[in-house]
Structure formats: structure tokens, C-alpha cells
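The following blocks contain the structures, represented as C-alpha cells.
In the two complexes below, subunit A is the common chain; its partner is subunit B in one and subunit C in the other.
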Partner chain A sequence: MTTSLSRIALSALIALLAGGAFVAFVGSATVVSLLTQAIIYAVFALGVGLLLRQNGLVSFGHAAFFGSAGYSVAVLLETQAVPAEAAIVLTLLGVTAVSFLLGLVFVRVPGIAFGMLTLAVGQMLFLTASRSRGLTGGADGMNINWPNTLFGVSTSALTEPHAMFALCWAALVLTMVALALLLRGRFGAITEAVRDNEERARFIGIRTLLPRAAVFALSGGVTALAGVLAALNTGFVSPENLHWSVSGVALMMVVVGGQGALWGPPLGAVVYFVLKDVLGGYADHWMAIFGAALIATIVFSPRGLVGALQRLVRRRAATPAVLPATPRGAVHH
Partner chain B sequence: MLTINVFNGLVYGALLIVMCSGLALIYGLRRVVNFAHGSLYMLGAYLGYSIATYSSFWVALVAAPALMALLGICLDRFGFRLLQDRDPLTVVLVTFGLLMIIEDAVQTIWGKDNLSVPPPALLNASVDLFGTPVPAYRVGVMAIGLLVALGLTLWMRFSRAGLFVRAASTDPATTAMQGVNTDALSATVVGVGTALAGLAGVVAAPFLALSPSMSSDVLIDSFVVVVIGGLGSLSGAFVTALVLGLVQSVGAVYLPSASAILPFILMIAVLLWKPAGLAGSRT
Partner chain C sequence: MTSLVLQARDVAIHYGGVKAVDGVDLTLEQGQIRGLIGPNGAGKSTVIDAITGRRKLTRGSIALQGEDVTTLGVERRRRRGLSRSFQRTSIFGQMPVRKQVVLASQQMAMAGAAQDADEILSELDLLALADTLAADLGYGQQRRLDLALALVGRPVVLLLDEPMAGLSVQESRDLANHLQALTERRGVSVLLVEHDMDVVFGISDAVTVFELGRVIASGTPAEVRSDARVRKAYLGSAA
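Coming up: the complex of A and B.
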């Protein structure tokens, strides 16, 4: 499973160049804005997918990290407690630290109950945010007062559609590179061993709680990055960002894209947004359409688009398909 | 003041009993956490609304759960049975897809506006409770919750089907080997569980408004109940449902700012202490 360093570097370089070419050649601001949103959700889905891939846990409450990152930036800027650059860094570190602490408790909860727990805690945040008065504006949400310059660049230039796309794309690619480097090392091996059989991992002397909590924290941190990008993109945060349906959509992207590869969840996000746009007038019924798509994916291609594509490539290469004895995420009792 | 809050808490607790017993039954036998359970409740409520509009509330009280039972049997036959060898998380995601489809269907058929069902004339009065007048309808809701709890307990303890369900929820493979038709059993149990979701919906309609968000509110509360009570445990769910109802309504008086998050704090505390829930050992 380990990917060589040169391959990671090459993929990243190609991806960054492709993003640059896209910005240079696509003129339509509508298309670019649509894909910017898709890329922000791709980062979000990357976070949710990381948890499923390395911990085998399905979260129905990741909107909590997405939304609270937005709120954290908004409140820090509103109170002018720290400069905007520090607000971004503090938010990312803060959400990661909080998710580590939460992870210490949550990851001990077995399988499905974990999903229910995350759903409930996420919805608790949603209720708290929509009922709160004052600074956060309750159900109406709050505007984010970005300063005129950010990291030495004028904010209006930064939030121009093409620049915003380039920023989000770079954030996605660099996050994926960082995760790929991290997971090809000891950390990846340990977390996969713990995911596949926690008891056995403990028997061979691995401390199992900390790596799992660390994955949870990392997953929360990546999702918070998506939240910060969304806050920059829209300049607005509301309880809707915390709603369980947002978590559900992110989870759907992960499943449809496929969790077998790091690029699966981001692919799911892009497919989701493009499909929703193509549906046009039928988009009122997107819930039913995507619900059916989710079920169809799980039943017919459990490894998502990644699995389907990998099968296609393998068939092209005319090598006999070699499937592992037990598929990823198989039942462990 | 406190009487009415305790009363309302118990009424909501009774509604949660009806909801959660369906959730616990389906989990017990099929090992499926049905994320669509709240949507089935909503579907039951809206079906009840339509039936009550064309005939009467009492017809709705019987017909809507009956229709939901049929739906549940189909759900088991064409859904859960085909997926029984899959990873439990996979099946959870299928029920999540189902949730999205049902939510969309309900919004398309009945619209997004709030609807209401008047309580039946027979119960449209108030009853004196320790000097406080309370709506008779809510006393009826409490009675239904108690009847469901009692009925299910007796069914599980003393019927042959109940014995099989208890056996199958401990070990489905061995139970099948002993000659129990677990597929037929499962159709019954999922049918009953879905009918209970529908019943909860019809019963809730006259005292909670019908709206597209009604499903997620009650689903979250039900999850809190079954996680605290222990997944698949009926008795755990009964007790926790009443406690949660009380915590919410009494909390609204003494800690109004924190009442929305009290159930979750309770849940986190219990999970810290017992990760498998109060009555749960099987996971």
C-alpha cells in the first residue's frame, strides 16, 4: 500500500499545474465558483473519509467541526481579539485540539453507536447555535468581518472567484500530500492495524487509544480547514453549517467516491456538485435522487467510484483481477 | 407549575417509548440501526393526517400503522434480508439513503408548510391532575405508551415468537439452525417496529405540529434514548425514554438556557461510564 515519495511529489505537481491551467483557461466565473464550492466540500469529505479509512468509524456529525470552525473565525474577528491570520491558525489548532479530547471519549464507543453519538452531539451544537442570542445571531447566522488584507494580500483579490479556486485547490492538494506522507509511515500502519483488529494490535504492544484519537483529531482538523475556506468564500456562517444534513451530504460524498483511496472522497464531492448542477430543474428532488444514488452505490459498488475505476483500469491492463481475501471494512466480530 | 412539566415530560417520554421500542426491536433482530426510523414516524404522521381528514382520527390510529406495517415487511424482505451478510455500517448507510428518499417524498406529497391534526372529540377536554387541568388527549398518549411497553414486554416474555426473537437477537445463526424461520420472524419484527414508528407519528400529530423537520428532532432524541439505554434493549429504552422526557421538560424550567443540551450531556456521561449503554452488553 505504500506509495513512493517520488510518486506523491509527481502527483502533487501535476495536480497543482492542472489547477493552474484550469484557472487560466476557464473564464466563466459561475463554473469556477461552483467548482470552488465542490473543492471546499472535497476537503470536508477528505476529513470524513480519513476517519472511515483509518479508524473504520462512520461519523454523522462532522458538520460540527465544519460549522464551529466558521463560528470560531467569525467570533474571533468580531471581537477583534486577535489579527485575522492568527484567528485562522488558532481556529485550526483549537478545533484539532478539541477533537482530540472528544476523540479520547468517542472512539471507545463501538461501531454504530459511534455514528449515533456523533449525530447527537452535532445536532446539540446546531440547536445551541440556532437558539443562542447576541454575538452569533442565533438562527440568522452572522457575517464574518474579514479585514482588508490577509497574509499581506488584499482580501478582495483573494476572494475573486479564480483566486479563491486556486487557493482552495492548493489547500486540497497540499492537505492530501501531507496526509499521504503521514499515512505511508508508521502512523498509517499502526492505525490500520488497530482498525482491522484492535485486540490483536493491543496484544502486539500497540497502545490503541491514542492513535485512534489522533486520527479523529486529524479528521476534525481537516474538516475545520474546509470550514475556514467556506468562511472565506461566503463571508457568512449560520447554524445551517452545523446541521446534520451537511454531515450526511459529506458522508455520502465519501461513500459515493469510495474510501479505498485518498482521492475517493474529494472525487465524490466534485461529482456531487457537478451532478446537482446538471440536474437543474430536478434539483428540488436532489434528496431522493442522491438517496437512491447512495443506495445504488452501496449495493452495486461498495468501494464507490474509486473501486469502479480501479476495476476498469485493471481490466484494461488485461491482468487477472486480484481481489484481497477480505474486502476493506469487512465485518469483524 | 412543576406538576404540568412533570406531566408533559412523561407524555413525551411515552411517545419516545413507542418510537424507541421499534428502533430497539429492529436492532435486536437485524442488527440494523434504522436511520430512517424518524422518517417512517413522519410518514406515519402524514398518512394519519390524510386519513383523519377523510374519515376520522380513530380510523387513522389503526389504518396508518397497518399501512406502515406493510411497508416494514417490504423493507425487510427487499432490503434488510438481502443485505444481512453485509457490514452493519453498510446497512446503516442504506437506511440513511432511505431517509433522504422518504423525506423528499413526504415534502413532495404534503408540502413544506406546517399542518395540524385536531385531537379527537372524545379526548378534546381537560382532566384534573392534582389540581392542575391537563389535556385529556395527552393522558391518552401516556396510556398508549404504557400499553405498548406492557404489550411488548408480555409478547417477548410469554409468546413463542418472543422467545424466538430473544434467541435470535442473541445468536441468529444458532437460532436458525434450531429450526426457527428467522426470515419470517424478521418480517414480523420489522413490520411491528415500523408500525410502531407509524403509531408514534399518528399519536404525535395532534400535539406536535406536522412539519418536514419533525423527523430529525424525534430521531435524535430516540438515538439518545437507545444509546443510553443500550442498543437493542427494550427495558433500557423504556426507562431511558421516560427519564429523557422528564429531563427535557423539567430542565426547561430550571435550566432554560441549557435544556436543549441536557440530554446530550446525560448521554456523554453515561457513555463515559458505560460505553455500551446502561443495559447493553451485546454490541
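Coming up: the complex of A and C.
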């Protein structure tokens, strides 16, 4: 138990330092901005992947949490209802609470019907944001009026590409650590049990609705964090952030990365953005090439890159070490 | 003097005009094994579902150790000591053996959950497989794990729905021995739905026979075996 805790703490520390060192070596602000976007989507994919991993549910509407977090911050700042710091905290707590309430209803619905329900809610929010010109700026979206300082730090310094990357990277690493700690305990075991066999779970005394709703809420909360980071990064939010295609992209990241480990979906997000940048330089319809890569992943490694890497590690571990040749004339006793 | 741990009175489950179970009375004494037999579709599994709260009663009541549990949900009945296994193996496939038994033990608020889990795994010869993923176990081992999950939390009543289904003769014999030993050691009462007549008549203290959702005979194995109606309806003249 202690070994596992130290391993998580050590991994987090190494990841934080590696992220800082990496970005210090990358001089180009454009590349850093691209990576920042990838990391924001990595947080988003982490949220979507969490739902799939712990509840076994596929959401086609998680952009609802991503976009509404951005809108929530934007509207709170626009109306000057609360300070920016409070707007961020209220947004994260609010989206998580709403996710929990939605989860209490949604997770009762099995399989594809659940997916359709999330899609319907997501599109409903998309249309609402598109048509509420007075509040959200309609289809044009709205600029976010961030104050000059945020948590005592100058906003312009915070949104400088290198600092923004460091902030997003730290948010990703710390969220993953928090989830890893939560899921290695009883909550993780309960949600795995419910996902594997809900009926048996009930017959070992687990009330199955609350853990499933809690996972949905956590997933919504993590996705909202991505939405807040995106709002800070771009200073802008539009109905596009709520569109089902954004949910679809996050889902693709999860499929490519794999949900066998927490780091799978974030890895998928990074791969997506790198491929988008590299392929985008060669082909206009780079998405078609990415689609082919997605099909290949599903066919050849249904558990995504995580599954492929885990298989590789297992195979290496299983390969017997080559024994040194016995010297001629040596006698074994 | 024996005490009744389970009493099902006038239990009925109707689906529209179909009477899956109708007017069934069942009792279980402390430490007793009662076999439930009957042809397919006779209502045996439905009665188990009714007792455990998986299906709502159309009529009747269920009492556990004198307490009426008719309106309680599955989880609360389980916490009060009403446990079951399923016709099809019901385990957590993607979880290691020990982890799931420990979880079940924690859910049952057992003090020393890990020790309780190890005790059960040891009794069912599964301790050596503690770190194995349940999905990787052999079928017989999975059936035993299913039983282990049902035994966690020292249940008062254990309802087993065809636990021998799909097992080899040797595996059935082993499981029957385990069952008998566990009943004695843990003082648990067992309601056993099973088609293997050798097992049922071999380990049961009492046998109840179902036909078309009703009880047609009940008594000691010898009494039931010699009942003309049972021989005609189910056992056949050779029994």
C-alpha cells in the first residue's frame, strides 16, 4: 500500500518536472500552444475515459460539460456576479453537482440509450447557446473578460504560452494523481464491481446507483476543468464547444489511447493533436487518414495504445533471459 | 427445539394471467439444507428471486429470522443475512479473486474483512488463486468463487440456484462436500435448487417438490422419494 502510494507520488513528481523541463526546451510559442491545446483535450479525454473505464458507459455528449463550463465562467465574469477565482470554483462545483443529478437519472439507462441521452442533452445545450444571443452571444460566441490578476498572478503572465502549458500540464498530472488515489481505494473497487456485474454487486450489498452517479459526476467535473482551462487559454467560448463533434473527438482520443489505464485517454489526445498537426501539413482531409488509423487501432488493438504497450511489456517480461553459454569442459554438480 | 430462519407464506408471482408461482409456503430451519426440485419452468428459481427481492411479490410475505423483509430491497435483505448464488455464474470477471471477496466482506461491514475473505477462500480451496483474475479461472473454480461471494458476511440463509450446473461429476461431488461442510461449520441454512438428484437427496435434510408454480410435496428425502405423485410427475417410476 505504502509502496504504491510512493510510486504514485514519485511518478507525479517526475511527470511535473519532465513537463516543466520539456516546455523549457521548446522555444516556439506556436508548438507550445499546440501542446497546450493537446493537454487541455487530454484532461477532457480523461473525463470521458473515466466514465467508460469505471461505469462502462459511452457518452456522446460530454461536450455539454466542456462547453457549459466555459459559458458558466464567461457569464459569471460578464455579469460581474462574483470574482473570477470564485467563478472558476463555482463553475467546477456547479458542473460536478449538475452532473451528479443528471447521473442519478442517466446511469439507469443502459447501453446505446445512455449514449443517445447524452447526445440529446448535449445538442439541446448547443442549440440553446446558439440561440440565446442576449446571454451567450448566440452563434458568434462570447469573449471572456478575465481580470488582470487571477489567484494573485498577472493574467497576461499566466496566459503566456509557456506558463499556460505548465498550468495545464500541472492540472492534468494532479487530476490524474487524485483519480489514481481515489480509484485504488474502495470507491474504485465498488465502481469496478458495479461495472462488471451490477446484479452481483447488489447481492453483495452494494447500492449501485450512487457509485455510478458519482463516477458520472467526477467525469463531468474533470471535463469541466478542461472547459475552464480552454476558456482561460483562448479567452473565448462559442457553441462549437458544445457541439456533438467535440464529444466525438474526445471519444476517439479515448479509443485510440485505450481505457485500460488512466493515462490512456490523455495519450490518445496527444497522439490526435500530433497527427493532426503532422498530417494537416500534408493533406487537407487529414481526418480521413486519422479515421483509417482509428479503424486500424480498433481492429488490431481494441484496447488502444495502452493495450498494445501493456502487451509489449508482458511479452518482454515473458521472454526468457538468454543464459550464458556453459564453458566447454565445465562440470555441473 | 429448532428455530425457523426463513418463512415464505402464500408467495405468488403472477405475470398478467400467467401464475409463475402461486400460493407457495416454504420454511427453513436453522442449519437445514432444503432441496427444491421440479421440472423446468416449475417456478423454483422464481421463488428464489421472490425471497431475495429480485422479483416483486404479487401476494404473500417473506420473513427472515422473524422479521418481515417483504418490502426490503435486495441490498438490505443481503445485509440482514439473505444471500444467493445464480443459475449462471455471477462473479466480477475483471477483478482478482481476493479483491472481490474482500470488497464483498467490506460491504457486509465485517470486522477484519481481509481475514474473513481469506478464511472463505481457504474453505473453498481458492486461496492459492487469490491474485488470479476471475475471468481466467476454470468453470468449477468460478462456481466456487460465486459461492464464496454468497458466503461473505456470514449469511443466515443461502439460496443456491443450480450450483452444480455445468460441473463434472467430480466437481459436483466436491462442491456438494464443500456445501455440507460449510453448512455445519457456519450454521447457515440452505435452500438448494438443483437438478442433480443424487446431490439433492444426498445432502438435503428436507425436499420440496414444485410443479406448475405450486408445491406438490414436501418432507424428508425418503418421504418425498416414496411419494407417488412426485414419482409420477418428476422422478419417474425408477426413482
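To be clear about the criterion, the second predicted complex is superposed on the first by the 311 of 333 C-alpha atoms of A that agree within 3 Å, B and C clash if a C-alpha of one lies under 4 Å from a C-alpha of the other, contacts with A are read in each partner's own complex, and residues count from 1 in each chain.
Rule of thumb we're sticking to: a contact is a pair of C-beta atoms (placed from the backbone, for glycine too) under 8 Å apart; a residue touches a chain by one contact, two chains touch by 3 or more.
Please read all numbers here as calculations on a predicted model, not as lab measurements.
When the two complexes are overlaid on their common chain A, residue A:V31 makes contact with neither subunit B nor subunit C.
In the superposition on chain A, A:E192 makes contact with subunit C only, while subunit B stays out of contact range. Shared-chain residue A:L158: touches no atom of subunit B or subunit C.
Contacts of A:G205 after superposition on the shared chain: subunit C is touched, whereas subunit B is not.
In the superposed model, more residues of subunit A are touched by B than by the other of subunit B and subunit C. Across the complex, subunit C is touched by residues 186, 189-190, 192-193, 196-197, 199-207 of subunit A.
Only residues 33, 35, 83, 86-90, 92-94, 96-101, 103-105, 108, 216, 220, 223-224, 226-227, 231, 260-261, 263-264, 267-268, 271-272, 275-277, 283 of subunit B touch subunit A when the two sit together in their complex.
Touching subunit A in their complex are the following residues of subunit C: 52, 74-75, 78-79, 83-84, 86, 90-95, 99-100, 103-104, 106-108, 149-150, 152-153. Those residues of subunit A that touch subunit B in the shared complex are 56, 58, 60, 105, 108-113, 115-117, 119-121, 123-124, 127-128, 131, 244, 248, 251-252, 255, 285, 287-288, 290-295, 298-299, 302, 329-331.
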